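Quick one: this structure, given as structure tokens, is what I'll be asking you about.
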């Protein structure tokens, strides 16, 4: 684990994206109409994602535990494709990119888990960092 | 959560894939030569993935806790692309697809986390189920 | 921890209740209309409760880990009072009363947490077991 | 999750209460005399509660993780009623009300779990915040 | 992780030991008289150990999650030496040696943590398996 | 849990040691040559230990959660004896001795778990604090 004892705390923001591709319009309709048997897919996956962001350091050995001061999870539907955006902020010595990406992956996996009884053709695509601010380098670059 | 009290335990297998795309041959070389500063990327990500498979039901609300009886994690390198394969087995009433996919996502995220100091252009692609056996439907279909 | 190695697995069901008392009709309206700033209170608290049921043995030292095979969480509104019902099933050697009660308490606490910015007078009342079946004694009695 | 990046850290205190009602004097005597088969109910439930306070943000999606700097757990017996008091302190940007309430609920549930083999009539009542200091509003008011 | 899908469930028992060496008779007296400021050392460390046994598979990557059906934690004092014995039972396809050893290590670490304000010379010695039954080989041998 | 609200944050370092004693030269060779069937023992145990350090406050009731800002895990082989050194740093109000010791115990237990199929005579010895700096007292003394 990288030594960050000498670093300064600054405001760090990261936005990560995951894409869930479903295979039918019926799946999109079931999500919108809240008729998926397991429950409200967007609200419950948001709950899972909020918890997932906070558990990142529990799952990734080299990841520093840090105070998550803000998380937002939003969805956009475009045809059969659902884009998940996860925004995380902290004021700390290291960034929250991996936390945002982990949150996005948990939201996507939970959507998959809730939707698989009604759609056998779902895929999770493109978990990536869209933006980060507050570290040495600003856009789309690592720690 | 779906009621599975009436279901029979059978051998279930699932294989999931995640793809990590790096941006330079140097990254591949550093992984192979075990010169990545944070440590041996494949071995440490395997450890994270083995734990991640077991924590799936802790992260996904509707996922049944189940006895993970086997997990295997392997890697294949093809140019700048690393394919992660996670195989999970159980003898239980429900399948291990989501567990395998969660394991694959954790391995991929951990590789991202360990590699980001040396490569700013990594992406995680295509977390998907390759195969499942043991439920009502066999290949590439859901619960 | 009680030794259960000699016991037989049977179908066990438990239903627990928790009551959340809010202080104003506006709070009830905000829940129903899904206008609470933190999100959909019932759906997100259900997600928290589903996870909470599964984590019971992580929090209570003497509680046996067991396969949660079904959880249902439902709500009933009566005036300013919201009744949470949590039903849990397993086929195992010991009952799921404490799991159902823990789930009910987590749902109630999460409702409190999501509602406190709009209602300062919320109370959690009466976390209790309503019903259990499958052990030595059947209605409203312990292990 | 509410954005707290702009907030100042101040000393925050919260005291929460839970009430456990037992059904017989024998139960009270067994607790006092430390003859409950599962062990010392007050000491073991205190251990569970200390851990529970720290796990609040793991269970409640919108709850910020924060540095728990002090937790105290005490008991008062009055007839068949046991009052649990949980005091939590932090120096942080948000309060510890929900942490104290979660701690109180875990202590109460653990007492229920340890006592149910000897008393089938236990109820958990009235998990509530008694006091908070350090936020915008001081007594018995929310975040 | 070793594939155990083909194995049979049998009754497995393991007993592990850890030794805590304190540096003064006053420490032993404070434990016995329950005057250690942090609380009752034996009861609280037992609670921590019961939870620790159940979390073994969360911490050790290759360890199979399994149903802990019994755990007992006992202490023996001999001069300045405290011997901790942890007994674990399951009916499963693999043994509980590591679970018993992990429980013993958590009990010992918790005693260290509770006692360090009053004794600066504590050491944890000799975490080892004393006995196992139920696998291919019976006494003091591995999986 | 001790009240630390009034304490100042300073740089704290702790180094803990655990010793794993194997029973044969073949075990040492298998570790060095990375031929242990479960995988690379040092790299995977390092991953487990990095996570274990971060989970200390989840397992020990009185332990304050704190920001782990650095962890290093190293190994030295001397004959049949493997010495594990775990170094932990934080800038906080309380020390990281127990975190370092917990990390050392998890590394040792994971080595035991990975090696037991090939060596039935492994023991874990002497989990102890070698050094601490940053608190009231500096070398080899507790909080």
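Just so it is clear, A, B, C, D, E and F label the chains in written order, and each chain counts residues from 1 on its own.
The criterion applied here is as follows: contacts are C-beta pairs under 8 Å (C-beta built on N, C-alpha and C of every residue); 3 or more make two chains touch, one makes a residue touch a chain.
Chain by chain, the UniProt names read as follows: A, B, C, D, E, F = Cyclic pyranopterin monophosphate synthase MoaC.
As the structure is a computational prediction, the values presented were derived from the model and not from experiment.
The minimal number of chain-to-chain contact steps leading from chain A to chain E is 2.
Contact with chain B and chain E alike is made by C, F. Taking each chain's centre as the average of its CA atoms, chain B and chain C sit 32 Å apart.
Measuring from the averaged C-alpha position of chain D to that of chain E gives a distance of 27 Å. Inter-chain spacing, taken between the CA centroids of chain C and chain F, is 38 Å. Of all residues in chain A, those touching 2 or more other chains are 1-2, 39, 44, 46-48, 51, 55, 58-59, 61-62, 67, listed in ascending order. Chains touching one another form the pairs A-B, A-C, A-D, A-F, B-C, B-E, B-F, C-D, C-E, D-E, D-F, E-F.
By the touch criterion stated above, chain C contacts chain E in their complex at residues 1-5, 57-59, 61-62, 64-67, 93.
Those residues of chain A that touch chain C in the complex are listed here as 39-40, 43-44, 46-48, 51. Contact residues of chain C toward chain B in the complex are 11, 46-48, 50-51, 54-55, 67-72, 89-91.
Looking at the complex, you find that chain C touches chain D at residues 1-2, 38-39, 44, 47-48, 51-52, 55, 58-63, 97-98, 101-102, 105-106, 108-110, 112-114, 116-117, 119-120, 123-128, 137, 140-143.
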